[in-house]
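Shared between the two complexes below is chain A, which pairs with chain B and chain C, respectively.
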Partner chain A sequence: MVKIHHVQTDRHHVLEVEGVLDIFTIENFDAALEEIQDVSSLTIDFSRLTFIDSTGIGAILRAIHLSQEQGFPISLTGMNEEILDMFETVGVLRVLEALQKGEK
Partner chain B sequence: MPRILNSYLYTVFALGMAVLFCYFPKLNPGSLLAVMILAIIAGFMEKYLVELPNGTLFSGAAIFTFTALLCYGLPEAMMVEVVVVLSSTVFDRVQLSYILFNIGQFVLSIAAAGNTYLWLGGTPGSFAWSDLPHFLAALLVYNLVNSGLVFVALSHIQNKNYFVLWYDSLQDIALIYTVTFSLGLRLVLTFRADNQTQFWIEAIFIFFIFLALRYAFRLFIELRKTYLTSMESFTNITEDKLSISVGHATRVGRLARQIAEELKLSQTEIDAIHYAALFHDLGKVQVKDSIYKKRGPRTLEEEKEHRKHVEISAEMVKEISGLEKAAEFVLYHHEQWDGRGYPTGKKGEEIPLGARIIAAANEYDHVLYHAKGKNPKSEYAKLADNKLDPRLVKLVMKIADFHIETEETAQVDNQVEVVGPSLSPSGARIKIYQSKLLQKIGACLLAVYDDTFRNGKGEPIDIPLGQHILPLVKRAREQHVQVREFVEDTANGKVYDVYCVPYRDVVYLSLFDASTIIDYEQKQEERIKLLYRDVIYSVTQGKMLLSDDQEIAQFYRSELLAEVPITAKKDVAICRDQVSKHLDRLGVPEKMKFSILLCTSEAATNVLKHAIDGRMKLFVDEPFLRVIVEDNGSGIELSEIPKSTLMTGYSSKVSMGHGFSLMLKLMNRVVLSTGPQGTTVVLEAKLDSDREAEPRLSHAPHSVDSLSSIPVQPVLRGGT
Partner chain C sequence: MGSNELDPIRQGASSPWGRPDSSSLEDLEKTLRREIHLAKHIQMRLLNGRKPNLREGALTGRSIPARLIGGDYYDFYPLPGGSIRIVIGDVMGKGIPAAMLMILTRGAFRSASATAKSPGETLTAMNQALYEDLRALSSFVTVFCADWNPVTNLFTYANAGHTQPLLVKGSRGVSEIPRNNGVMLGGLPGQTYGENQIRLEADDTVFFYTDGIIEAENKRGEQFSRQRLIELLHKHGDQNVNQLEQTVVDAIQDFTEDLPQKDDITMVIIKAGKNGNLPPSGESARKW
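The block that comes next holds the complex of A and B.
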């Protein structure tokens, strides 16, 4: 249902999510997130994400909060129009913006 | 001032003591025990006060004082009064001077009443019907002296006119007079010097009536408070959405109520004004929200748009059951005293008083919170004659303190200092409640059990539900414990509250018909549910409907396309796959398909998060597509509904609870039915291809009608 591809260049990590992110699959995402060690920055790539609901977004928010705790920048890329719309509605982008402002 | 007050308090005490010492030696030692028991029951009555919906506290102690007077004599009645006052000091901490005053006050009152009774020809211990007028007169004297003495003190403490206090309390006094008289009479008539069994059963019965009354009234008051708080939180939610300072409506509502109370308007009017003030800005949710988020002056076009909110608010309020009158106040709350307001340009007294009050409270809040360094008090004073009714400005200057409250004062009613029987401002509703509850709670039965059930006269009688009650009575007798149990009569659905009190080798039994209270509670709950439904319907502009199972049933009558049980996490994906398959077949555009799949996913996930298992069903009923998700969980609490459905990011369990707000945004309509048997959510999308690509919260006020053709409309008027 979901595959999380983890690519690392130096201390920059990329998590590419392929498939669906919902209550059934967030465990895989959370597990991949936990495995990441020694980070300077993290990118989550959604270009191959086919579906996400608010439970999946919960997992994304956990990643954002983790980046806050450990003090590394995080970016979200590759959202299609529907997913971007939904991120907007649910407020993920606002959370991200607020946090990034706080860092500066 | 305190000096005058104190010397008054002590004078009353001294007079009381003098009278007490005159009568004390005449106390009959033979009746001491009986009088003590009466006094103790009266003491408990003083502790378990009944709070009436208007805040008046009401004790039944006087019933027993008069019983003592009529059955035993004046010195005995005095003793009961003294014990009652002293016992109240055990339960509450009261200033010493007040206690002493209370003793004096009650002794003088009963002395006056007792002498009236004797002077008119009444003889203690032998009450006959011919003594009825004497009893009435004595009770009247008692209330007059009692209130007269208290109001002197109260007028000093509260700085109010003595006669205004009298006027305000007349209704309360009349009520207390009637209840004391009728219950006292009932008790006195059962008194026989030789056989006192029935007398004591009756005394205990009256005590229980008061407990039941106290419970019923408290329930009523609690429910009203819940209703008000949920109304306030609704307005807070909309304010948050519109970037209006949160709590504005709540504060305006409370000040408006205060003004209305000061003006001595009727209770119904005060309530209507309070609700209207709470909802005065509700219509802003339908005006473009960018207007309110904008800083700086509005353009003409924007101002025109903004002004529409009064009409929209009024329309919305009109649709909430029981608030028709409030709608008018909402409509005119932006009219000005000088006629330069909107929407009609009415001036002076042409504007309804309720609307003028809301305007005065509203401006007060604005001035206070947007003072920008200016003195809010003088700014507010400037509004008299041009914007606001000068009389109301004067009143607000008197009652408001022009300080921003840091903490929310949750209590609506203000505390009145207690001196003697606490008598606070009156309301017009007492009579209604009195008749509704007093009459119904009386339905009960008293009996004695000594191997057979007997009535007070010792005659054998039949008891309803005897076979269920007999074991209770036997247990009370054998184990010598009090037994209380609820027994249901399956034949007629009545529920009895049964008390068994053992005494020596018999058991006293009292049966209350509790069905009325239970019914009452249920009706209140239904009423609140109806109100929630109306308000949610209004706030979501008809997109969200709270429903019941019967209404939901009609959604199952169309063509079933798919059915998936939801018991494990993987089932959420199966639900989506099934729905997706049918959407493809129906040729639903991609964007809409994503919305429907998302909402299906949310609803199915809720089943796993909040219940154990459930199922998803997909129906098509051209042009509507409905996804119905049902579960067997414990349901959503009524008071949680506004939060979990309307606030973004709120869920009754700690998780990312965006479900409902997403559903509301993406679906044409959401119907929710929830209760202890489970929750059902109906997600409805309209499949027409010429519709907008993406349904959004509509800005047009009447879009509700075009959204659905299903004949489910909430009952908006007429109420329960």
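The block that comes next holds the complex of A and C.
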């Protein structure tokens, strides 16, 4: 079960992910991401995320690539130690850093 | 274009050439089932290839898909000079889509291993071969690759976003081998993957695994957890590789009470031989 809370302030969007982001819930996240229009920046808040699997990580990568393609900054916040460790192991933060530096 | 135009079920299962046939939905379902079982057979044959014969030490591997077919992968590739190249990988997602990418990953590994001189070079070549396809499909693969010489017990490894294996030193405990994280395959183009090297001692066990093991859930929603795995390996680290493999499978089944699992479960276990022990290199490892 996942709930995606979408908060918009001017053109800054925040997607707060609450619950489990996995293969069974990913459509909700993808739908929320698709609904975002007219964006100057995007924050994805994981403070209420309880579990993420590889499909969930794939969705985060899609959001990162979308930000690169559409030219807006993206930030990932609120990760607990376990999820941060997973992002570091898989390389999510390295991809984000490289794309924000414009390396690729 | 209407949504029915490419849907054989809504079209009454007509043939691709537009000629009406007598296939019922039941026949179509049977055909799909047969094809899925054939796909499972192909995957199992490719996954459970011949294990190399070793003069020293031992190794084994097992993959249990959560569905009929899965996206986990392991392989052994004998190298000139007696070393074995070991790979374990986890494709994003599950089921048939993941299985298709797993086959792609296997091809990239086997092809890269024919020319790559080290695990780092192997991952670099695999990422180069797979990046565009994975990026186009919004997918990725985590892979850990190691060259193990069972005679000298040199263990050289590189990592593309995969969970770091565990080193079991009998009663001296279980540790994670020193980290050298690289980006997952399909994450960034043009990546080069660095390598670390340790020297195993006699009877050391290295346990490679995918996250399906530690994320296996019981009816209360509790996960098997890395801590539980470490305690199990610590307790049974003196077993041979086949016994230890079965011990882990049994422990997961006991824990989950045979509840169907969400993710594939895969492990590779190697054990250093008694006669292949050269002096340890003094590499440090994180201990629990």
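List of remarks:
Note that the second predicted complex is superposed on the first by the 102 of 104 C-alpha atoms of A that agree within 3 Å, B and C clash if a C-alpha of one lies under 4 Å from a C-alpha of the other, contacts with A are read in each partner's own complex, and residues count from 1 in each chain.
The working rule: a residue touches a chain if its C-beta (ideal position, glycine included) is under 8 Å from a C-beta of that chain, and two chains touch if they have at least 3 such contacts.
Every value quoted in this text rests on a predicted model; they were computed, and no experiment measured them.
Once the complexes are laid over each other on chain A, chain B and chain C cannot both fit and instead clash.
In the overlay built on the shared chain, the residue A:101 is in contact with neither chain B nor chain C. In the superposition on chain A, A:54 makes contact with both chain B and chain C. Using the contact criterion defined above for the overlaid structures, shared-chain residue A:1 touches chain B, although it does not reach chain C. In the superposition on chain A, A:91 makes contact with both chain B and chain C.
When both complexes are overlaid on chain A, the residue A:20 reaches chain B alone and has no touch with chain C.
The clash between chain B and chain C in the overlaid arrangement falls on one stretch of those listed (58-66, 400-408, 490-498 or 706-714), that is 706-714. The contact surfaces that chain B and chain C form on chain A in the two complexes overlap at residues 22-24, 53-55, 57-58, 61, 89-91. Within the complex formed with chain A, the residues of chain B that make contact are 569-570, 572-573, 576, 591, 594, 597-598, 601-602, 605, 608-609, 648-649, 655-659, 661-662, 665.
Chain A makes touch with chain C in their complex at residues 22-24, 53-55, 57-58, 61-62, 65, 88-91, 94-95, 98, 103-104.
Residues 90-94, 135, 138-140, 142, 160-164, 181-184, 187-190, 211, 215, 262-263 of chain C are the ones that touch chain A when the two sit in their complex. Per the touch definition, chain A reaches chain B in the complex via residues 1, 20, 22-24, 51, 53-55, 57-58, 61, 81-82, 86, 89-91.
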